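Each of the two complexes below includes subunit A, the first together with subunit B, the second together with subunit C.
Our next item is the complex of A and B:
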């Protein structure tokens, strides 16, 4: 798609889970790339495979069961899927780190928050003394808006928004080059979400971090992302800049998503839901995964592999019917 | 159409080791027959407690609940059972509100059986009618909740609530746990049912775009207090209370070209335990003055538009 000098390049990533003898096709040939300082949004519904993509990049898929079956992930030109586990451990937290969805379960309940962050700092800088690491942790917590007089408290003494800020401080503690944010604001209230999103935007600018934002909320994507990849049944079905995807959605599923959200600025009486349900990932349909729910599906959609086509330069869409849709409009 | 439900100075306090939690504090509003009242606010603002107190899942501490012209604030067990036919609730989480060991048919039949009004063929007939009404396929009758997706489970919850032909339903975040494409299906179903069954809803949610879509009127709550209430469109076009303004400005919208004026909010929600008198938003409000710490009155600032803020006229340049 773009040149090979991209900072992060995911190519044909395939992830499978084995459960009860069945193979679950969670991620199917996902490709995208990302430059430093930019944010890509992975949007999709529950079970679409968004989190599996992030976990595969960090190589923390649940074992046994989860497996990267194919593909390449280049970080700064190096294929990190080929690195040994020991090398990977050095990368995690330092070069790549992750903000998890639920701050209540991502923190250790019996450890003071400052110590939890100092631990991360020391793990990656073995020369640092405990005192220095603590000072570093306090600095990080201050950056996310937690005053020094509260850093020695335990997670249960913090509100949800503050806990999420601690998790963000921890993820940013070693100044990572790549940040994976898995629904970082889903558990928060809107006013707190606004604070956290603003903070993420600022920190990203300060550190020139590349970020993958996983979310189901198109509003959050509009707020923080530069590029968008729409994920459905483990595939990226549409990919482009935020402007491409929001102003000219090409895939019937993306269009369906926009039709299903009540919009504050319009006065639609009835929403147009997408009929049916996402397919069972252990039993994907032949051809296009969206074809059973797609109003435009033809016989052509139900056989063979559907290739991504360009709807505009740099804006791709996995649909064999883009032209036909145009006519129907 | 007249008022179906009127709530006057309703209070609900809980005892806790640290003091009294003022979960709902002096809330008054009216819901007209056949309309939808949206109740919005952030977690812990008392919106669910308000809903549960109105339908008597909890006793109120003080105030009055008038339903269908009758004062139903204090009822004995028998009268309460009769009232429950008319007032129902749809819960947020379709994953935990259904019994995992009951089939869909048993689940939907339960309220019918408990009412004692249905037996034998009539019971089966009624079950079938309800399943059809909410769009659950016949073939799923013998399935268990775990075999259903979230949208269908929520339909089962709706069927249970509708079983005894209620007049009034509290919808407590009925679509929050659902994906957007499924959420739209359930919202459409709720709106269709309102029309065909003549239902009145109280719709509790934290999602502002959902509430705008479904409601005729909206109450905005903050820490147990009602800060603003008016018609839905009026609230979005002419927001008057400083908290409502902040809340609306914080919503991420899908319009990527809109210029946003976000009103930043400092600090976090304060504790609702033994709060000081006066406006609870004052601690975070950019306009707060001395007078905000005195008890506030809900005032009709514009026709049909009630606000509880002593500086509302001044801030909004109203006479």
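Our next item is the complex of A and C:
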């Protein structure tokens, strides 16, 4: 898509799950790229394949079942899908790390919080003693606002917000170059959401980390992201800078998403959702995946593969009749 | 923690009391005349009456129950009607043999069964997994007495390497433990496999992988401690059951343990011995369960904080 010097470049990534003999097409030819210090938002509904993209980059898809079928992921020019498992292990936690969606289940219930963080530190700094690693972990926990007198407790003694902080501290413990944040605020209530987002933003600035922010919350995107990729049924259907996508949404699905946000200033009796449901990923429709729900769909949409077209320079959209939409308006 | 242990030990008192009353009552209403059984069919009515008078068998139910419970509290299970020996002393003398068999069985089950179960879980749906599953199915379906006899035929009669029955040196315990342990191995392997499979799919194991921790550490340090709880439950209750349940294997190998003692007491209608054995086994079983519960706390901090009660939790808030 862009030049090869990009820090992270995902090209035609395909992920499939096998379940009960059926093949679930979770991620279909997803491509995007990311520079250091920037944040891309992967936006989409539950089940659109956002988490699978992140897990595929880290190569921690659930086994057996999940499989990367095709594509390339370049990190600093190296295709990390081709690295051996042992080499990959050195990247995980140090160069790439992930903040998991559900802090309630992401921490090991039988290990002390501080030990869970010291473990990452020590795994990637083999010369460090256990005491030093623990000191480092305590420092990291203090950075996310957890006092030293609590660090030796177990996850069940922590509240949801505190657990999320621990998960974030764990992800940032080795100053990763790439952070995969999988809905880091979904499990939290609104007041803590804001704190956590602010914290992530600050830490990101401190370490010049590139970040993939997975979310279905457009407000979160507006707050932290530079670029946006809208994911629908395992495909990036619209991709551009935040300003492009927010101010000039091109794809009918993106338009629908923005249309569904209620306006605080006007009186509406009913919300305006996108009619219908996302397609079954084990049985995707022919042609455009969004065509069954699309108000502008034509016969052309239901035939063959839909290519991404440029709506504006650097702003692509996977829709075959952007022009037609303009006319209908 | 100390409070919890004390509470649990105090709880054992009503449980054991109930067991004692139940067993005594059942034995009381079992048809059959103790005096007749002890003195045999040739005894005269006078002799029988005299025997009943001496042993307090003519007293009403409630009086006999009271005096029985009273003596139990002093650790005295009465005299065996058949051998005229102290039941308590008999049981204590036999306990070590049964204990060795039970412990050996559980150890085989845990030390061999659990690692195989974990291995099967890691290699899910491979040949190794299937092989372990089939082996454990066969192991679980073989009755221990039959397996015991087969082992005797092979190792004692054909190969002449191990004794066939009786007690003596440690070699006498090998075959009984083996015969008994196979079923334990099978159930532990299956249990370890299923609980490991559940844990391996959980989020925190994915977290551990995402940290770059080696697969061996992920399994041993992150998954295993969480998979241990059901394994401890099963191994613990298995040990408790074994104490009372080695009857079959003790009979096959003629090992004078608690199981044998109880079977012969039942067939001889040796009431005191039967009652004593049942209550003794109940005590051992409760102790086993107490140890299991304490092990939980050791493995899982969530359970530990429950035991420690509200007081400490409040301090944290």
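Observations
Rule of thumb we're sticking to: the second predicted complex is superposed on the first by the 322 of 329 C-alpha atoms of A that agree within 3 Å, B and C clash if a C-alpha of one lies under 4 Å from a C-alpha of the other, contacts with A are read in each partner's own complex, and residues count from 1 in each chain.
Going forward, contacts are C-beta pairs under 8 Å (C-beta built on N, C-alpha and C of every residue); 3 or more make two chains touch, one makes a residue touch a chain.
Only a predicted model underlies this, so the values are computations on that prediction, with no experimental measurement involved.
Superposition of the two complexes onto subunit A shows subunit B and subunit C fitting side by side, with no clash. Once chain A of one complex is fitted onto chain A of the other, the partner contacts of A:154 are limited to subunit C, with no touch recorded for subunit B.
In the superposed model, A:126 makes contact with neither subunit B nor subunit C.
Touching more residues of subunit A than its counterpart among subunit B and subunit C is B. Of the two partner chains placed by the overlay, only subunit B lies in contact with A:258; subunit C stays clear of it. Of the two partner chains placed around the shared chain by superposition, subunit B is the only one that A:194 touches, whereas subunit C remains out of contact. In the superposition on chain A, A:307 makes contact with neither subunit B nor subunit C. Closest contact between subunit B and subunit C, by C-alpha atoms in the overlaid model: 6 Å.
Those residues of subunit A whose C-beta lies close enough to touch subunit C in the complex are 55, 58, 60, 62, 64, 89-94, 97-98, 100, 102, 105-111, 119-120, 123-124, 153-154, 156-157, 167, 170.
For subunit B in complex with subunit A, the residues that touch the partner chain are 42-43, 149, 151, 179-185, 187-188, 191, 206, 208-210, 212-214, 236, 246-247, 249-256, 258, 262, 264-265, 268-269. Considering their complex, residues 45-46, 159-162, 189-195, 197-198, 216-220, 222-223, 242-243, 246-247, 256-265, 268, 270-275, 277 of subunit A touch subunit B. Subunit C meets subunit A in the complex at residues 124-125, 201-204, 206-214, 222, 225-226, 299-302, 305, 316.
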